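Chain IDs A, B and C follow the sequence of writing; residue 1 opens each chain.
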Amino acid sequence: MSRIDLRNAAKIGLMAGVAAASVSAIGMVQTFDERDLITNVLTLGQVLLFAASVLAGYQAAQQHTAAERGRTLLTGLIAGFLAALPVLGLVLLTALFPNIRTKLVNVSATLIQILTFGLGPSLGSLLLAAVMTLLGVGGSLIHVIPSRISRPIIIGLVSTLVLGLLSEVLLGVLRPLVGSQVTGLLFGTKGLRLVTAAVVFLLITSGYWWWSARGEEDMQLRLQAQNPERAQRMRTMRVVVGIVLLLILPFILGTYLTEVLDIVGLFILMGLGLNIVVGYAGLLDLGYVAFFAIGAYVMGILTSQSALGLTDISFWMALPIAVIVSVVAGLVLGTPVLRMRGDYLAIVTLGFGEIIRVLATSDLLKPYIGGAQGILQIRKPQIGSFQLVQPEEFYFLILAGCALAAFVSWRLSDARLGRQWMAMREDEDVAEAMGIHLVKTKLLAFAIGAGFSGLAGAIFASRLSSIFPHSFNLLISINVLSLIIVGGIGSLPGVVVGALVLVGLPELLREFAEYRLLMYGALLIVMMIRKPAGLWPSAVQQRELEGVGEETDTFPSERALHPETHEPMSEQVVEASTTTVRGS
Amino acid sequence: MAQALRRIEIDFVDLFLWLFRTAIIILVIWGTVAKVFFGVGTEYSTAAWIDFTIAGIAQGSLYALIALGYTLVYGVLFMINFAHGEFFMSGTMTATVFVAIPLASAGYLDSNPFMSMLAIMLTAMLVSVGIALLTERVAYRPLRRAPRLVPLITAIGASFFWQYFFRGLYGSAVVPFPNIPIFSGTIEIFGLEILRTRLVVMAASIIMLVGLYFFVMRSKTGKAIRAVAEDKDVAALMGVNVDRTIAITFAVGAAMAGAAGILYGLMFGQTHFFMGFVPGIKAFTAAVLGGIGSIPGAALGGLFLGVIEAVGPPLFLEGLGIPGAHQLKDVIAFTMLVLVLIFRPQGIIGERLAEKKA
Amino acid sequence: MKRLMYFIMLALLAATLVACGGGQQLTCEDAIGCVEIAPGDPIRIASALVITGPNAQLGTDSQRGVEIAIEDRGEIEGHPIELQAEDDGCTAEGGQTAAQKIVSDPTIVGVIGTSCSGAGVPASAIMADNGFVMISPSNTAPVLTHPDTREEGYFRTAHNDEVQGAAMAQFAYNELGARVAAAIHDGDPYTEGLASVFRDSFEELGGEIVAFEAEDPNATNVTPVLTTIAAAGPPEFLYYPVFTVLGANLTQQARQVEGLGETDVAGADGMLSPDFLEAAGDAALGMYLSGPDLGFENQAYTDFLATYQENYGSEPVAAFHAHAYDATNILLDAIVEVAQVSDDGTMLIGRQALRDAVAATSGYTGITGTLTCDENGDCADPAIAVNEVQEVEGALDFVPIFNYVP
């Protein structure tokens, strides 16, 4: 590696530059520029733009060893400079064609001002190029400085930025605790104050430095010194602390974050149900929202106080009815698709979901379920004279639902039925030959999955007090499917992690509204490519994925763990170690 | 004992399926009879029925063109390319914004309609192909060996990403596709008044479908595609560059989608960032209906779906006395899908892929 | 209620601090609490409009109206105004979440939103419980301002479906002399509500509705539904109060369906925007669209449009930007009216006082007319104009031809 690989540097630099120019052209830089991370110093838009050159510098310089300082930095410089070119091209384009905006609506004068630091096109462009080039060098610098120094700095920097990003959420939590006088000192109206940011950065950097230098070793030693009994007790303690934490969470987080948790909880509930259908039994269901809708509508027509309400029973009476109706619906919709496999099943279930939604909207059923105008004035759950209204109160109801569903799933996964599902997932024909009753096994999966979804739907209806048919669209099915796969298919903790990442995170970042789904899409792609087995894969699934080659005689987990870090190796490594090309 | 029980239960499923399809068939026949012989609901002239059918065929040819992309990709990778609708949208919007509208305002579209259309269509196809190749490279290729559900999720991710990327680029407003005078108005064929746009759409679709069929069946690349679809390992051993062939498959599908997008613009006069989603799902349905993996199947499935959506509501739903019948066309479409798949699990003319490879 | 307690305590604490610091004393005497804004800090208002998904245009357009109103206002008593934009997703759950997020931030003074009535139902309940005031630029469902179901602190500048649907029926029956009509909706509460009110009013006047159809909002091939309508009548008047995409499809294809050649077609304010004219093209010529009465000498709207073009590089992309502009101005005027300012620039805004000030809005001259809030929170100018699409100086434009005053 003695020469600078110009082609590689140019490729990476230009790719990063095109990405930076694209995020500028679609308006992300401008929109995010209004969002201060550090008040009056750094905005999210700038971070977005400059991240491109830092990453380009880092990536391009990766081929050099730490000793080749000059070459490393030069590569970073080249990549950083080239990353600036497409952005400069965008600036030039607006100078040449002033009415480019009639075509690209987000290439505005404000955007150009942001890109050129408000200095006008010529001077500003020079500065932009200089800044981006320098940042490219900065990116390559990471390879030059020893990692015991660079790692704490990077971690400190990134954490500070993330805190700045989440400052609104933090504000919401802190304000009731310490009062707005104190939060006013720590935060600007958006983002951290400069002093706060500096302090946070120093704390985290030095903390991490200390931890990696000393603390980690200490901890390892202490853990090793523990006898098994104590380790056991520690584990029990951890579980108890976890449960207590779950119970007091809403009081710590405040109303809004609890609201987000409620939504996450409903998705966890649905995810657990779909996990049985897709994860355990291997039946790809894209119309899972149908049962959610059925649960919600049953709750609606049974407890609504409006003219559409059929009965005047309480939430608690209606809840089991809603679940039972959903289970029956699961059986009815499951039967026609019993003999379909794979993607045929996917499109037919997708169709069922759409049929339910269209029927709910239709004028045909309007006299019974309200059509487009939905069902209003649905009852809230009541315990004695106490009515559940606030998100904090619903939290416990949803938590109980999730706990129940998780318990059922967990018990089933090891039970006879669970084994049968998994056998069926692997190979239907073999499973049948082994004496597994396919019809019963499949229908049970559909029915139980539908029951969980119906439960979620019933709680959903009661929580909102009003339901409209367009709430039950395909996106919900897609969301639930995505979260169980991103979490790790067939894995119960995976469902929770998946829901937190794919439902909770986008909720917290509501302010990015227009670009939320764009980032959601990008997130799905990146996560699946980095971790195809999911964020928290089930043990079985992990073994399968790693044992993707035919060499089933080696115990896969031994082979795929990196010898030093004990982390699963990257996908490429695993791929390279296998010989076949066939997918499953 | 267990055997006997099992027999009874399987019979129960058969009974259920039999009841299900009998019920649907009875409803369809009842509605049709009530409509045709007893005139329940609105009374239609023969011309009106022909209008329903032709409008349905025109819409169906678009579904068919988009369905090709699903079918080709499914054939080689066994994955549902959820982002295909976005390939359709991306080419169309870009060509409309950067070629069609400038050409229209410069007057070329009126003076040189055919050359302009060609330019617009080629741009759309190129952009669609570019987006498709990029997506394939970034989001699908690294996952060739991952479990099947994983590329499905990246495809969903790519779909969201492109939708909102192009929304950011061209805005959330409707971008009108310019009106081309030579294609407006009607033309008389066999005594039928047919809108010229519909005729253009149908003709263009037929040409492209036939062309593609021969491309896949006769050309060397087409043979490579079929070889990869049959067995990637063996194809690789035979000297076929598998990655390249898969990329070509994506490109061909996307080119069809790009062309379909311009026909869509011509027929409906508007493009917007959300335009790919619903046609994408419909086309996927059409591909499965016809038998996924088969080119004639995609064509047939598309036409069937387009026609049943147009003719179904007035024919059987109104006959049953259902209000707001046209709103329920998706219900008809998906019910027909279930019905067809119960009778023929491999689709109308599909081979038995479902058993073999799914 | 817990939040309110926090509030009151915080306000008291703040008041004490201010008192210790000397200067003029401001104490919150409001029944449901106050917002205190430190010197130089911004006055924060929130929006909850649909900015994602297929209805994104509707909310994006309204949000721009809000932004322009804020820009035009500049500052109030030395405090800049800041917008916290949230997404209502056009769904009930989206409205609920956006509302919870807004009320969890006690620095927010008032809310513009929601876009969709479905989101407005749960959102208005939460706003009411937490003492906020909300003004919607585009909720039209009657239920939101019905005396039995309206929530405290809820207002809107959009027309109630009952007014607008009836106006169109009057116009069709009395002005055009139509006796046979048909309507299409797309399953959205807004369009279904308008179409139903139109049907009922038209029948009440003595007319006949020959077809009441529905179509999917994403449908492109709408010739079948139009053929059905043509076969049913054909009607003299066809009303489809839908949004731009479906509206443009219906308008273009209606010209191609035999039997509808003589039929007058009409829509509502969901399509009353330049965006629709572009999408539908010449097919829109002669179409009738109801909406706010912009017929008077309206320099403010002309200026507004210029700013819009300048800021966002396009003409308005949907219909409710003007309603949003007026809604924001009503809110800001109310803030000016009730804000108490101390010598050092600290501002105190009482929440109940703010609600009362918005409710007392009377004769406010906005760009959608003269707005007066009634006791149920309907603030729109009751006058509704029916505009005809005509060619003006070589381009399509809306020309008001009929004024409906209930």
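The rule is short, and it goes like this: a contact is a pair of C-beta atoms (placed from the backbone, for glycine too) under 8 Å apart; a residue touches a chain by one contact, two chains touch by 3 or more.
Fair warning: this is a prediction, and the values are worked out from it, not measured in the lab.
Asks: Would you mind telling me which chain pair, B-C or A-B, is linked by more contacting C-beta pairs?
Replies: A-B
Asks: Taking the mean of all protein CA atoms as the centre, name the chain whose own CA mean is closest to it.
Replies: A
Asks: How far is the middle of chain A from the middle of chain B, if each middle is the mean of its Cα atoms, in Å?
Replies: A distance of 31 Å separates the two centres.
Asks: At what distance in angstrom does the C-alpha mean of chain C lie from that of chain B?
Replies: 37
Asks: At least two partner chains per residue is the criterion; list those residues in chain B.
Replies: 167, 171, 173, 323-324, 327, 330
Asks: In chain C, which residues are in touch with two or more of the other chains?
Replies: As it turns out, chain C has residues touching two or more other chains at 56, 60, 187, 212, 214, 216, 314.
Asks: When you check chain A against every other chain, which residues touch at least two of them?
Replies: Within chain A, residues 105-106, 358, 361-363, 514, 517 contact more than one other chain.
Asks: Considering the complex alone, what residue numbers of chain C touch chain B?
Replies: 54, 56-57, 60, 187, 211-216, 218-221, 223-225, 227-228, 230-232, 244-245, 248-249, 252, 256-258, 275, 278-282, 314, 317
Asks: What part of chain B is in contact with chain A in the complex they form?
Replies: 6, 9-10, 13, 16-17, 20, 74, 78, 80, 97-98, 138-139, 142-154, 156-165, 167-171, 173, 232-233, 236, 242, 281, 284-285, 288, 292, 322-324, 327-328, 330-331, 333-335, 337-338, 341-342, 345, 354-355, 358
Asks: Which bits of chain A are touching chain B when the two form their complex?
Replies: Chain A reaches chain B through residues 22, 25-28, 103-106, 278, 284, 335-344, 346-348, 350-352, 354-355, 358-359, 361-364, 437, 439-440, 474, 478, 481-482, 485-486, 489, 514-515, 517-518, 520-525, 528-529, 532, 541, 544-545, 548, 571, 575, 578, 580-584.
Asks: Over in the complex, which chain A residues touch chain C? Could you list them?
Replies: Counting only chain A, the residues touching chain C are 101-102, 105-106, 108, 168, 171-172, 175-176, 179-181, 184, 189, 254-257, 259-260, 263, 358, 361-363, 371-374, 376-377, 389, 391, 460, 463-471, 507, 510-511, 513-514, 516-517.
Asks: For a test of understanding, state which residues of chain B touch chain C in their complex under the given definition.
Replies: Interface residues on the chain B side: 42-45, 47-48, 51-52, 55-56, 58-59, 167, 171-174, 176, 179, 186, 193, 195, 264, 267-270, 272, 274, 277-279, 306, 309-311, 313-314, 318, 323-327, 329-330.
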